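Shared between the two complexes below is chain A, which has chain B as its partner in the first and chain C in the second.
Here is the complex of A and B:
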């Protein structure tokens, strides 16, 4: 099988997956054999080709659960519709909350899905489902979307991390940590929780010369040990150390001060804006998956005041990100997912809040592989139920994988047991795909 | 209505090796474990015309045994003594000493704890104060038999405070009976029945939906009762099969043995009242409720251990112990021991299962037998063209260290070797203290899986975390301080290699390391630290080989 986004020249016609398939066949047990197998360090040309066409994801994670009624599925005029009006968008007939005027003007790359029924309104388990596309089972720890992207789109020996997660707020962080599950630490997330600089990315206590020369000596000694010993665990150990200097050299990717003032102003001087800008820098450099967590959406009280404050920020950051990606030619290959663990109840509680609600809520997919300027599905008049096009997390994920060119039926192997990316029989939503 | 969330088609090995059918004729039961293992492994090698790799050298054997049996690498003095000894049975003596050490139970408890928690691949959670870990530790300390551990975990006596941890396996799963059935079956019988939850197994004829619900039925009456485990007198599992109407699941063991139990019909009001009173009495007294008139869990234990059904229980532990010692089971994966996934050496699996059952499921005895085999003692290096199929056990496996093995060994090897007591008893005490101080460090490393992949975060941690480097490489009482006292660079490097890699220096690595020190004569202290860093971060340290 040839990688769809791979450059066509014959000397590069060794596709990653093709390599993998043969490797897996040779190994007999396919378990974990198919990790990215193109040696990027050895062939910068291949790396550039790949990077130009590699699919990427930026996920805007609205932790706590943003209200669909104050964002993408407004219901002005119904008793629980809240105080905000809806406005027309660039697509005739589609209206979103008046709190999102910028997204209303640039809906062309975005598909709004208004028919999620994910059946779970508990923060922790809902976050697990929405990061994985399924609940899982007791003895199988499924990888999340970031880890799958790291595995599918990360390049061996890559100079950049494969999976970066910004999650600075304390609220809900423990509910949805990045998790590589059975794929293992190789595909785990680089978490930025306390600062914009990743842990252990800066040299400390050793001068530059010693730092690099001891790494060379390490490589030499490990090489002696490796002779005559074959094991994928052993390879991964040396690969991990070989990636250190490249990742360190790329620390500047996290430094948005390196962006022109004009760009920084565009994203705005909020934490969310700054992290979204860092995400764009990482995306541009070839990081396959970046999540930007924006918390405090869990508005059990004062839902409208909170949304009045937070939705315009989301509108600003999301629209700026899409503009910027488009201007750089990146949106074609980058899928921006705006998602939470669930939405919020149409009913309004006694503290003017909305509570957890997973029965009829919204998400958006923008950019890569998506039919923009559209809406899929419909909630009923009150917003209590899905009236049309009901989907769960599984179909959302099948759609996401398809938009990225990853076969959603692809299997990973746990020992001899095949584990498909999505549960068998799950179909992507054609209407959402370009 | 249950939906199938899991993909259950099974990939079967396109077998390049022809596996023999198990024969009724096994080697006699009076053979030693060593003899039986080597007999079957060698026979298969001969049949496939593969010459296994040679015996590993003494230093490699010492390191492997110390890691496998005591969860740490050997000290410089232990290495010196072992290499110097000309005693023809020094290996056996070493094995017996390691098995007698209290570290054997601690390391064993870590290993069992990890697999019972299904924590492979996840960041390690501390064992501190975990009742299940404590229970496993005390069980292994007195070499409690595996069938007794099984019985105690299935039928825990919660009134006995010392047995508190035995109930943890059930208690942590009692709110999810599916999980309880699946984990019990995987842990103790080597069969993951989760596939059969949704449909009959596509490839394994013997696995039907009844198999899953049948196993679940043994736990159908198990409930949380005021923080204690209770078992009701009534209760069945009902399910809607793929074809047909809702039915009551039979109580069915994996072997096909059906259990006729009372309490399958709906209880009368009177009976229900009586049952509730029994549970309420416990709650009121803040004590475990009294036992039911008929315990399904007790029936599970009885059935699983009965000679005619015990093959699941016995094969599972035999396979898991081979995996623990050799780094690979006779059947892989460990929870897929079924007819369509044959063992690499079916007769050996049967022989070991019988041997375990005949000898009261003595775990220490089987570990001892396995580590004394020639199979265990092979080199992990393959000099030929292409390494043979792993299923032949022709080459020793290279295995990543588990979190506590890694952390304890880091602490031990970076300490000044002369600061370690040479007296065995005192060294044991020091190791206990080291393990205590290594526990936090261990949480930085994930529990390895069978195809474990090291993440870049680990390399970044070692490369750039200043606190970690300082604690390991600098200051009073460290190896690098001792290295300063040795003016001869070759001897200094040899000391570092012996300490960290548990073997004498070899010309090629000594040369490279001495060269490095010579180029750094303007900053010798830093150079010593970097030498130790290089050794600690080499694959040779990170793996058991």
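Here is the complex of A and C:
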């Protein structure tokens, strides 16, 4: 494609798009891609109302598949139950793994769903389902939950990103990338993989004054370029630039060193803890969707020792995050989700491991819009099948959308084709909703 | 002492059992085994017969990780943090002790049968008077947290043949050598090759010191487990043993089996003829190492991941327990 020159002079033979794209690359974001051509129907009043509520999601993505039996659906005393006991929680009658004593004490905001049957136990395709709430199809590139949240809950003129994903471990990262699908890259994820702070968000040696002067220069050049031109593409670029510029100006959002030491200590000195704290900071600043990927739970061998290592960290980080959000008044508008691509087999293999299992596993929803201190669904005595309240990814996502105040029947339009947020006929789980 | 030859090693019996058998002890001069199971119980099994009905002896209510015998006294420990003393002769419980604050991983009985060592994930080794169940002392030398700030585990312990020294081994590869008489830590041997921390791909760990055996003269300690693993989802690293002179903190030798997995049990022949190494990954394996010339005498597969083994008094019969099986092997011609 032939690119239009920026100003016509040979020494400045650079396109406006190229110029902005370079800036975007320097900022380490993908926010400059074209806006989606999708038309979004729905009442503007409803949308504005939703945005005024500023619902947010923090997803704790337990990549690789944490064991439901060593977390939220323990089965002590049965041959498949494993070595750990269950303990009573703050809700009479509900017990969780003894590896989660802190969550046991603060179950009041959490609903445990123990009846997921998602029928796919392959890491990659299962991760895509559980990030999107549906199977893919060749002709439609569905957006994931983060992108929908960015689309529905991102604030007009916001200077923070709408979708941030922390995923530092290399294993499984490519299997569950953030994906805006047909919504377009405007709603794509800012992926933080090697650092807690967006790489190159501000280059070394660029101080506040440099940053400000560069913005002024950009405005001047942009104004020259736009003179006499009008297009949605130009608007999109300007929006994208403002967003990146805002992110650059708000780089401290990602810097947990700005938190008091006691807060950092509270989250703990693990990568997961630090990223959860960063997620809270971003949530507080108005980022609608933050995913904290904690990989890698794929414990085909030594399942119990690995869960003994990892579940206490999950317990600590999750309970601290919920406490912190509550104390800041954020929990009522923030939904904290623990989710993975699947759970793990009840059967224990020869290397004392558990394998992939999608037939009866668990997730949790905490905070916004959820009836806390409850359990929905039941797996059978051995944990091999759902005994009561079976749901798939679609109902889970319909429930999530409803908890956030997003009509799960809402349509997006791909050309003339309506694309509902969840598959037609899907109903949220009323018992889970507040 | 008879000269049992590892080259004669062969399977003579397989006994199928439900569940996972983590530990075994043998009633002296018999084929009667006491096996610790993941169904929370200890069973008595006559391994001289293929179809003998097992008899339940002890119920911990949680996985049982360890079982040892001192005369007629059976002592077992598990995820309930307790030690249970059981008199086999009149089939009654002697005492139950809340021994640790985390799960008991392994037990060892001193060669004179008077002391019991227990190790647990509270990272403490405790010495007990077997006769009266009284604690003798605590041995603390293993960190509760790993270098990456996760909870550690204390897997195994072994007495020297003269009973004066005790070795303990943990998840991150630390081995402590203790003076049994006064509790003094005599040495600390680091074996980091047995601990894999994957801070890049999967952000978790695997491995640890899973087996220990002193040389007959007590100057060396053999340390078993699994070597460095590329993919910590499985046990896809080489089964590995390091032998250290613990007083000088020097590695004397090391070797790796040709199978992937853990060496869960080490037995050093009292005449220093060989070191027997048993364990498993997806399947089981056994390897005899000539400790004089550092060569492998013989190795073969076992039909299951093997967690523990015990020899007969004449070293001609070997009993293994593991995943859903008991296997009896013989070394006589």
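Everything that follows uses one rule, which is that the second predicted complex is superposed on the first by the 349 of 434 C-alpha atoms of A that agree within 3 Å, B and C clash if a C-alpha of one lies under 4 Å from a C-alpha of the other, contacts with A are read in each partner's own complex, and residues count from 1 in each chain.
By definition in this document, contacts are C-beta pairs under 8 Å (C-beta built on N, C-alpha and C of every residue); 3 or more make two chains touch, one makes a residue touch a chain.
Values in this document were obtained by computation on a predicted structure and should not be read as measured data.
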**Prompt:** Touch check for A:310: first (chain B), second (chain C), both, or neither?
**Reply:** second
**Prompt:** Among the partners chain B and chain C, which is in contact with a greater number of residues of chain A?
**Reply:** B
**Asked** If you stack the two complexes on chain A, which partner ends up touching A:381: first (chain B), second (chain C), both, or neither?
**Response** neither
**Message:** Looking at A:251 after the superposition, I want to know if it touches chain B, chain C, both of them or none. Which is it: first, second, both, neither?
**Reply:** neither
**Prompt:** First (chain B), second (chain C), both or neither: which does A:169 touch?
**Reply:** second
**Prompt:** Is A:85 contacted by the first partner chain B, the second partner chain C, both or neither?
**Reply:** second
**Request:** Check whether A:199 is in contact with chain B, with chain C, with both or with neither, and answer first, second, both or neither.
**Result:** first
**Asked** Which partner does A:184 reach: the first (chain B), the second (chain C), both, or neither?
**Response** first
**Message:** Quick check for you: in the superposed arrangement, does A:140 touch first (chain B), second (chain C), both or neither?
**Reply:** first
**Prompt:** So in the complex, which bits of chain C are touching chain A?
**Reply:** 18-20, 38-40, 62-63, 78-79, 103, 121, 148-151, 153, 171, 200-206, 232-235, 261, 280-283, 304-305, 323
**Item:** Contact set on chain B toward chain A in their complex
**Value:** 4-7, 9-14, 16, 118, 121-122, 176, 178-179, 182-183, 186, 192, 194, 332-333, 335-336, 341, 380-383, 387, 389, 397-400, 446, 448-461, 463-466, 469-470, 508-509, 512-513, 516, 520, 526, 530, 533-535, 537-540, 542-543, 545
**Complete:** chain C partner, complex, touching residues on chain A are 64, 77, 79, 82-85, 168-171, 268-272, 294-296, 298-302, 305-306, 308-310, 312-313, 348, 350-353
**Message:** Applying the document's contact rule, which stretches of chain A touch chain B when the two form their complex?
**Reply:** 28-32, 35, 134-141, 161, 179-188, 190, 198-206, 210-211, 213-215, 217-218, 220-222, 224-234, 236-241, 243-244, 247-248, 411, 413-420, 423-424
